[in-house]
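Chain naming follows the written order as A, B and C, and within any one chain the residues start at number 1.
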């Protein structure tokens, strides 16, 4: 498929990045506000683990699961800065995703019941070496919103980088500000009788925080549908080496 | 009072949370943007001390004092996650507040000259165990904006959790990014001749930063009307143990 | 020049501050949303180095270089809190800037081909001692947007604080969340053969990250046009004493 893409149905743009605090999120918001005035540009998450699209790939489908339709997700995490990779636009079960072809969008794509994957041929007149989020991807998002041509080339799913990655990722993919450790495992795949092992510790299931004794680590199905390791009234991330990328094993 | 609540006069929504950086603020913003399109949803504060509604309760009335009318404040700090507590909506001197009945809204309520307190009976069809901010409170806010029924039950002020808490709280309730220490004490209650004691240090009054010698701790009435301990061209939070929850005494 | 200033062409407001996380950005956003409803108020950057308008002054023109026209920049970094300084409004090459006359806007002003500098005589009825961003500068921005009188007094550029500062600043002016070190040097002023010295280390040029060996420091022209010191797949800020304000020398 390579016909024009309609602008139908994009009501807001959500940014999903590893940009951290600082000017990068704001610069993308300014550019988008000028290109598609009136469409809110919200910072959904900006503290993804830098340089780790593999970890973010497993958080992304969970993060968007309960967000409203009509949202376009502009997603940017790159393993390096200035490296070569294709620019993608996906329509997955009615949601739009724009980002680099480095695996970041692969899990969303593979789990979609209806998928349209497009490689973006269009390039802006000027492009910095190091900030494609502002200079390439934000204008691509605007052109999608406006139904403009992007030099689309349809891709088969298996051509996407990361299409062959495992179905779930038994690793910590994100640490939140409370010190909770979110894994890349869908909770529906695990029996509540399962015990997990992380950093030499055995971790049993609880329904939620208040069902676990204060100070004890437990795992539960978080509000995104993922297995999350937490400590009631405490932090689960205090042990050295326990953070994004760490392995979680079935005990 | 339990009649329908009109949507009159809500022009913007402000989020007051302990959610920190990460996806939780953004998810609430996405949900609200879809439910009440066109109403800005601003992140007023998201680094309140986790699990301490008691501290936030004394910051809240000060934080909203000089904000414009027509703002609805969605406030979420819980002592634990997934525990049981009622959902509240307050109309206090013409401002709306929505949040849990755990003390967080108690000081706003008690200081109001005109107060309407309502317990929310409505529940959404689906509700995660751990993210009521997104799944319960955000839809409640949307229904208030739209004038929809919420299964209201009027409450008397004294039935609110925290109604009997002290009038002012002589503790650090918030540390800002400059290292200033905000107390739960209204400055109008203190004479400028008063000396405070914090961590064994005597702290005198100054009108503002530039009136205090560089490097010396002083207290002053901050821009919210609270007693704040600061150091001119320095940080007031460098001593161990000096942070949110620490006692401040009259010296 | 002291005639009325038209409201023409302001489509969005960008905040450029050292306010950090916390309630200060949100309070300014709330005030502006009420005064100029419908105009987006975006947080462009809020982690500038506190109390260092001199460093921010050299980042600012680079930060706004590739942002869309029609943006008004509200800029606040003060060397102290509550000190006396004039309030400025600048129109520089078609962009509006509002902020204190402490050098923060001086480099933008001096590099402008067309400059209009105005001292703001207007003051609000009430003004806190410590939060002029919310109480003075935000209302000034709103009055500019609405074309209201501000008691303007035209200034000559050389009357601005900081007009005589050096053209470029060979210091670290900002450290981003990836640990990259941005200098106040425009890259167009440096030959790519130049070697820099920072903390006893020799630093050569690379086109971008992927052209430098992993783990090695290099300098490059960043997406703002400034000399930036970075480490491919690493952080450039791990050496003690290397941060905002540190000198960078030609090796």
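The criterion applied here is as follows: contacts are C-beta pairs under 8 Å (C-beta built on N, C-alpha and C of every residue); 3 or more make two chains touch, one makes a residue touch a chain.
Predicted model, so just to flag it, every value in this text is computed and none were measured.
Looking at which positions face the partner, chain B and chain C present mostly different ones, since fewer than half of the interface numbers are shared. Note: Cα superposition of chain A onto chain C, rotation of 120 degrees, nearest 5.
With each centre defined as the average position of its C-alpha atoms, the distance from chain B to chain C rounds to 31 Å. Residues of chain C in contact with two or more other chains: 21.
Against chain C, in their complex, chain A makes its touches with residues 19-24, 26-27, 29-31, 33-35, 37, 50-51, 80-83, 128-131, 134-135.
Interface residues of chain C, counted against chain A in their complex, comprise 11-12, 14, 21, 40, 42-47, 63, 66-71, 174, 176-178, 207-211, 220-223, 230, 232-233.
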